[in-house]
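Okay, so chain A shows up in both of these, paired with chain B first and chain C after.
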Partner chain A sequence: MHIADGIVSTEAVLAADAVTVGVLYLFGRKVEVSEVPKMGFMAAALFVASLIHFPMAGTSLHLGLFGLAGIILGLRAFPAVFAALFFQALIFQHGGLLSVGLNTLNMGAGALLGFFIWKLSAVPESLRALAAGFLGIMLPAFLLTMEFQLSGYGRSVFFILSIYLIAAAAEGILTLVVVGFFRKVEPSVLG
Partner chain B sequence: MKHSYIDKYGDLNSLLHKLDPRAKVLAFGAALVFMISEPRGEVGVFVFYYVLIAAVALLSRIPLVYILKRCLMAAPFILAAAVLLPLSRLSPNVGKTGLFTRENLCLSLSLLLKAFGAVILLTLLVSSGKFNNLLRGLRRLHMPSLLGSMFALMYRYIFLLNDEMLKLKLARESRTPGKLRISRFKVYGNQAAMIFLRSWKRAQVVYHSMLARGYHGEFPEYGRLRFVWSDGFFLAGFPAVFAVIRIWC
Partner chain C sequence: MIKKNIYKWKKGRPVFIIFGLAQTALMLSAHGVRIDVVKKIPMVCIQAVYEGGDPLGFSSVSIRVPGNPPEDFQSGWTDAHGRFAFVPDRAGKWLVLVDDEMGHRDETVVEIAAEFIMGEKDLPDAEQSGQKMSPQKEDIARIPLVLRIFVGLSLIFGATGIYYWIKAHKLLRSEKKRE
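Right, the complex of A and B next:
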């Protein structure tokens, strides 16, 4: 899901970087010093999660945790996703350095959607957790395919969505289990 | 616990390692922009870029195998894009012209060269010094203080999370050896939550210790970064050569 440098047009990448700077300012302003450790910790968790691979359908998938980040951090999840992707680009070359803005828009949108779903208090908590985890992956995958299509890769890229369906389902179940555990053991972690 | 994937070659003694991190960040960033802005389908011009990148890689003394491994890590996504691009150009005439036309091959090759060139540049930037020093350079380039603090804390917490993850993995493998099985999803989910909570508790202890020592949102810096003539020369020269290739070749 991480777009490398040189895959999408430079103009689109630089425009996305500019938009990301704006969104980072919007969601990162007025952050209390006491909030920063939690944001830094969640960013580290997102980074480490990408090292955990699960064997599935002859291949392996790694965790994203964008929905969970939205549940725990709310709107502050966006800067945390940026930090995690920036580190992933630098250390593992997962995604390009210049494309980090575009990747943040995609995956940060997943985290924000997770947060908005979590806030729907009329829906049962387990369903909200499941949906936040599932859509936290599917929305970035959908945005990725749209960007690829706009960059001239044609409709064939939509098969990417079908691949991510498996990852999103796994992520949804994992988020459900993790949120259930937090609710029993340390409810204060949940936003 | 051993975490060697960060800073593995940060201690080497090369010309690139001696440069100021600010000069490297700006120079590599500018070079990256010039290279990836090459139009799709351009192939020949990458000979010049790769000669230049190879020269810098040689100067850095970072092993070629390590750089190739980094390329391999990024390969699946890049290769998928390189295959998809010509496929998207399929037309009703494909039967006459074929998929493997010179134009389509140039498109794929250009994309591969561009993307792998970017990966190599990024590897050279990150591996030619201590990661902490790179973050320090970014802070000195007036990165917003929120990001600076978050990066610094995140850098510490990554090791902490990794430690907890390895401990729990060892404990699980000693009790139930064998491969991970999808049917035990609830167990893995609970373990992930446990790693998160245990690490979070440790992270809070670290943070409270920092507060007790006078932390107020800014990390104190020990020692000054020195920007010398060689840094200025690299900062001006390296992107300039990329710009010349981009404009005239």
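Right, the complex of A and C next:
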């Protein structure tokens, strides 16, 4: 899900970086002291989660936890996703350093969608958790394929989305399990 | 005399025609195909893998010839094991680019010696052959994966700690001012 440098045009990547800086300012300002450790732990979890790879249809997929980040951190998930992606690019070359902004926009959008789904209190909690986890992967995957199409790069939209569909289903179940765990052990963690 | 020669040519005409046709067939024969198994050819085989060791199977490969600017030499796909072989025809720095068309791509330079092309010398190990990544990438690749995870987590928690300290410091100052 990480876009490497040189795939999307430099102009588009730089524009995405600029937008990311703006969104980071918007969602990262006036952070309460009590929110900071939670953001740090979630960034660490995101950082490690995407290192857990599993091969699928000739490519390599990994966990995202974007929906879960949205549930736990709300709008603060966006800076946490940025921190995780920045250090991944720096240490593991997952996605290019220049493309960090674009990758943050894609994956941060998944986290924010997870947060908005979680806020739909009329829907049962388990369904919200499942949908947040599932769509937290599918939205970044959709944005990724659109960017590939606009750049004239990559495999077909159907192929990429069908692969991520399986990953998103697994992520939805994982989110459901983790939310269920926190509900029993420490409900205050959930936003 | 002339009549006699004409008679001779006429007599040999079918032979001339057959030879002519045979020659034309040899020159223009493009439909006949033959496949030979070439043994002991100096070739380079690369293998592309993801960070965890899974192969980049069925990924696109682009090989570029050394030159300024480098020109396309060959393109194709890796096999299920992420492998691709090519036969360089000149010495120099060959650029190999592998892309799974899902956002993951990497490139490397394979340095080919003239002796290798002549079949006099084998391709040395990656470290000695000049198969190079970027200097930054090379330095990072040397660090074991577990250590890199540890470094990443340390940086994240370190940054969180600093941010937490700044926030707490500001909060304490504002509370002191209020008092």
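Just a few scattered comments:
In this section, the second predicted complex is superposed on the first by the 178 of 191 C-alpha atoms of A that agree within 3 Å, B and C clash if a C-alpha of one lies under 4 Å from a C-alpha of the other, contacts with A are read in each partner's own complex, and residues count from 1 in each chain.
Throughout what follows, a residue touches a chain if its C-beta (ideal position, glycine included) is under 8 Å from a C-beta of that chain, and two chains touch if they have at least 3 such contacts.
Predicted model only: the values in this text are computed from it and were never measured.
Partners chain B and chain C clash in the overlay (superposition on chain A). In the overlay built on the shared chain, the residue A:A83 is in contact with chain B and with chain C. By the touch criterion stated above, A:G28 is placed in contact with chain B alone, chain C being left untouched. Look at A:P37: by the touch rule set out above, it reaches both chain B and chain C.
By the touch criterion defined above, A:G154 lies against chain B and chain C together after alignment on the C-alpha atoms of chain A.
Once chain A of one complex is fitted onto chain A of the other, the partner contacts of A:V178 are limited to chain B, with no touch recorded for chain C.
Between chain B and chain C, more residues of chain A are touched by B. In the overlay built on the shared chain, the residue A:F47 is in contact with chain B and with chain C.
With both structures placed on the common chain, the touch criterion links A:I91 to chain B and to chain C.
Residue contacts after overlaying the shared chain place A:L144 against chain C, while chain B stays out of touching range.
Contacts of A:A15 after superposition: neither chain B nor chain C is touched. Here chain C runs into chain B after the superposition, and of 23-31, 95-103 or 113-121 the stretch doing so is 95-103. Applying the stated touch rule to the two superposed structures, the overlap between the chain B and chain C interfaces on chain A comprises residues 2-4, 6-7, 31, 33, 36-37, 39-41, 43-44, 47-48, 51, 55, 83-84, 87, 91-94, 148, 153-155. Against chain C, the residues of chain A that register as touching in their complex are 1-4, 6-7, 31-33, 36-37, 39-41, 43-44, 47-48, 51, 53, 55, 58-60, 83-84, 87-88, 91-95, 144, 148, 153-155, 160, 163.
The part of chain C that touches chain A in the complex is made up of residues 50-52, 54, 56-59, 80, 100-106, 137, 140, 148-149, 151-153, 155-157, 159-161, 163-164, 167-168, 171. By the touch criterion given at the top, residues 2-7, 10, 13, 24, 28, 31, 33, 36-37, 39-41, 43-45, 47-48, 51-52, 54-56, 63, 79-80, 82-84, 86-87, 89-94, 96-98, 148, 152-157, 170, 173-174, 176-178, 181-182, 185-186, 189 of chain A touch chain B in their complex. Every residue of chain B that touches chain A in the complex is listed here, in rising order: 5-6, 29, 32-33, 35-37, 70-71, 73-74, 77-78, 81, 84-85, 87-90, 111, 114-115, 117-119, 122-123, 125-126, 131, 134, 144, 146-147, 149-155, 157-158, 160-162, 165, 179-180, 182, 185-186, 188-190, 192-194, 196-197, 199-200, 203-204, 207, 216-217.
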